[in-house]
Amino acid sequence: MMSLITDLYAYWISVLLMMVGLYIVIDHNNLFKKLIGLNIFQTSVFILFISMGKVDQGTAPILKDGFETFSNPLPHVLILTAIVVSIATTAVGLALVVSINKYYKTINESEIEAIEREQE
Amino acid sequence: MHTPALQVIIPLIAAPLCCLLPKSRLAWLFTTLVSLSTFAISVLLVWQVHSVGVIDYEMGSWPAPLGIKYHIDSLSAFILILISAIASITLLGARSIIEQEVSHRKHALFYTAFLLCLTGLLGIVATNDAFNVFVFLEISSLSTYALIAMGRNRKALMAAYEYLIMGTIGATFILIGIGLLYMQTGTLNMFDLHDRMPIIGGFNSVHAGFAFFTVGIFLKLALFPLHQWLPNAYTFAPSMVSVFLAATATKVALYLLYRVFYTVFGFEFSFSTLHLGAVLLPLSIVAIIVSSLIAIFQSDVKRLLAYSSLAQIGYMTLGVSLQTQAGLIASMINLFNHAFIKGALFMCLACLAYSIKTTSCEHMAGIAKTEPCVAAAIVVGGIALIGLPPTAGFISKWYIVLAVLETSWWLAIVVVLTSLLAVVYVWRVVEQMYLCHPIDNIQQGTPVPMMLLSCTWVMIFLSVYFGIDNRFPVRMATMAAEVLMP
Amino acid sequence: MKKNPILRETSHLLIPAILLFALYVQFHGDYGPGGGFQAGVIFASAIILYALLHGVKSAEQVVSLNLAKTCAACGLLLYAGVGVVGMLWGGNYLDFNVLADNPIDGQHWGILLIELGVGLTVASVILAIFYAFTKFKK
Amino acid sequence: MRNIFSVIIMGGMYSLISAILFVVLDAVDVAFTEAAVGAGISTVLFLSAFSITGKHHELKRKSHLPALLVVLTTGAALIYSTLDMPAFSDPQAPIHQHVAPHYIEQSYAEIGVPNLVTSVLASYRSFDTLGEVTVVFTALIAVLLLLGAVREDEE
């Protein structure tokens, strides 16, 4: 049991953070907070990926005399790309929120739904 | 030969060029030429796959698990030619309606976003690298959000936002799935993933990876109950965007389903070890019945067609859930034919949106007198949607019923009965057009431009043509099914 | 913030240093952490800092929204173009080995050029998005 | 938290702390990017969007149950998946076997760049990076479509 915890605690932390992020995305009413939750969710997935690539006693994957063990560079490359994708999504999402605010004068999901229902 | 790379590279390079073009008409011409050339390349690819078989292309000349490989087999070629054909026809007819619906200064950017979306969809289909799929998925999704938000109704913004949240969750789930598989195999290439799937140990992560892939793909595919984003997105997007999305976006998600569950996980694992069929079968049936019922009660025809799309997706996944080669073939034929039928119908609505500025059912009363060509097109498209001979829709239904009969007769009855639901909602529109009198005197709308009308009829023609001469889709689907289920 | 003299004077010292650091990160990416993406972000942040302190209008005199858009397109074209050159000189798409006489030199040239493309695109995209948000009227 | 401003700042701090975590996990390039992007640029974007929309009063949802259910299922699936994962930082894990050793051992001879992340990013998987740059470009096009042209209409 103890070894299970010491072996896997790093993954569990990122799982916990992912759950927090996902909860914010689904539960919150405010369109801003949904995007922040999405950010947290994605960043936690990045942590999971990076913790997969860690090697015991390893160093950063930059070749230099005197170092022999390196962490796996491939997850780092994937996450670099994923970070960029996540900021791109955030930018588009924020642009949408700003435009929604312009036309509805609110950024609360339930208020917007109420406005739509009134119109019909 | 560089054809696999060119297929994706040409629209990718064209996108930044397009956003620098000053004139709207020039941007349209350029985009259309580019998509026609991608169509030419996809024809070439189909021909190559036919004559020499599978084509592999290593990006940067790095061999497969080290670098990224493109792999074009009959399934990829089949979907590539579908996407590029639809894109070309859509764009040819698009100019006038986009000028009406999208503000003039945005045109160059709009066409750029369209090209990027095309790039993303083609890239997903051509690549053989799991992570590369994620990157191209995001290219197509981000541009789709922007395209949907260009609708004139402010609800389009909310629809785009909802799609952004759902789509990003879906893509992130797919990313988690990729991560879990990568963790247990150490590779990202799809074939390599399949070969190195752990035999002993590591089952939990592979199972969970499978679950995350399933949910992510179902979200992108808008399979019941993860479909909430689709009706609003299709209804409020600009007319031409609806045409393109309805005909291609969910089809690419379905392609991803084939690839992930047959190529990466393998048929045995997906269907015997993890019983994907048992999940897909009830979901498909519920999707077909519920969406058809909801479609009957819609007052906006665009939304009606969106719900009908959800039902059609149900037919496609039903084919997969049968776990037979015949079912898989039926699913692919459905995919191909439905793209043309639904594209044609949405194009008819684009004509109406141009002419009478609305797509609501009650305003279509008596439209047969003022716009006879469009009304006739809707009737033919509707017949194809129901699945009556001699249209492509009949071929789809025929193959699905045959495949279903192999397993159980009651399912076949369900398929036939649900087609009757399609009769109801198509009849509602036809009745309104031909038998009702116009409600007021604003009916005399703008005449539909020739280009748009003829492109609509090309689509209608194709959805009838593939009902009479179905050799091409049937042969391609059979070859593709043999690749996936040897 | 525009009227605070301390901030303005410090920015005169800071901004050149930030720009220089961006160039260092851009070209030192082969040997240490960094590369086109990080350099682009830092470069853009220097100009965003300028815009925050001196107003978006005066920042736009240096780099306008249109220029940023053009640069973003050019960066992407540079990246994709390097790949096409590899294709024309007999390799596959994005094959850098054929860019010079021996593969190692070719790889160096290829990586240098595409990192430049990445840096250019990222810097101008971030700047342009920032402009688009600040100039948006409610 | 009710105050959006502090939520944004906390989000930035979360990114910064994860950047530190990435340094601990040997991913210096990722840490650099996360600090610059997550803590820097994305906070700036959030704040500039926030300055446009201004404050809005909060509305709470009536039922938290659906969200809770989805999150707990996801979490359970993930915890389940970790149970037979190789131990954290185990050098014998399958992830470190197949492709990674080639990058670590051969890439200097093949590419001649000491930073392995750069050589994988810019050469072995350069097509992914092309896709990444395209995503950034797509974001620009999308934002300009949504914000840029709206402004011009009014003028």
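Each chain carries a letter (A, B, C and D) given by its place in the written order, and its residues are counted from 1.
Just so it is clear, a contact is a pair of C-beta atoms (placed from the backbone, for glycine too) under 8 Å apart; a residue touches a chain by one contact, two chains touch by 3 or more.
What you see is a predicted model, and the numbers here were worked out from it, not measured in a lab.
Novice: Identify the chain pair with more contacting C-beta pairs: C-D or A-C.
Specialist: C-D is joined by more C-beta pairs in contact.
Novice: Could you find the chain whose CA centre sits the greatest distance from that of subunit C?
Specialist: Most distant chain from subunit C: B.
Novice: Distance from the CA centroid of subunit C to that of subunit D, rounded to the nearest Å?
Specialist: Centre-to-centre distance between subunit C and subunit D: 20 Å.
Novice: Between subunit A and subunit C, tell me the centre distance in angstrom, where each centre is the average of that chain's C-alpha atoms.
Specialist: For subunit A versus subunit C, the centre distance works out to 25 Å.
Novice: Using mean CA coordinates as chain centres, what's the gap between subunit A and subunit B in Å?
Specialist: Here subunit A and subunit B have centroids separated by 28 Å.
Novice: At least two other chains touched by the same residue of subunit A: list those residues.
Specialist: Those would be 22, 52, 60, 62, 74-75, 78, 80-81, 84-85, 88-89, 91-92, 94-99, 101-102.
Novice: Which positions in subunit D are in touch with at least two other chains?
Specialist: In subunit D, residues 28-29, 33, 37, 41, 45, 49, 52, 78, 82-83, 85, 93, 95-96, 99-100, 103, 114-115, 117, 121, 123, 125-132, 134-139, 142-144, 146-148, 150 touch at least two other chains, as defined above.
Novice: Of all residues in subunit B, which are in touch with two or more distinct other chains?
Specialist: Those would be 12, 15-16, 19, 59-60, 131, 135, 138, 142, 145-146, 149, 176, 182-183, 188.
Novice: For subunit D, which residues count as touching subunit C in their complex?
Specialist: Contacts found on subunit D: 28-29, 31-33, 36-37, 40-41, 44-45, 48-49, 52, 110-115, 117-119, 121-123, 126-127, 129-130, 132-134, 136-137, 139-140, 143-144, 147-148, 150-151, 154.
Novice: For a test of understanding, state which residues of subunit A touch subunit D in their complex under the given definition.
Specialist: 3-4, 6-12, 15-16, 18-19, 22-23, 26-30, 32-33, 35-36, 39-40, 43, 46-47, 50-56, 58-64, 69-81, 83-85, 87-92, 94-99, 101-102, 106-108, 110-111
Novice: Can you check the complex and tell me which residues of subunit B touch subunit A?
Specialist: Within the complex, subunit B touches subunit A at residues 131, 134-135, 138, 142, 145-146, 149, 154-155, 157-158, 160-161, 164-165, 168-169, 172, 175-176, 179, 182-183, 188.
Novice: Under the definition above, what is the set of subunit C residues touching subunit A in their complex?
Specialist: Those residues of subunit C that touch subunit A are 31-33, 37, 122, 129, 132-133, 136, 138.
Novice: Along subunit A, where are the residues that touch subunit C in the complex?
Specialist: Spelled out, the residues of subunit A in touch with subunit C are 60, 62, 80, 84, 91, 94-95, 98, 101-102.
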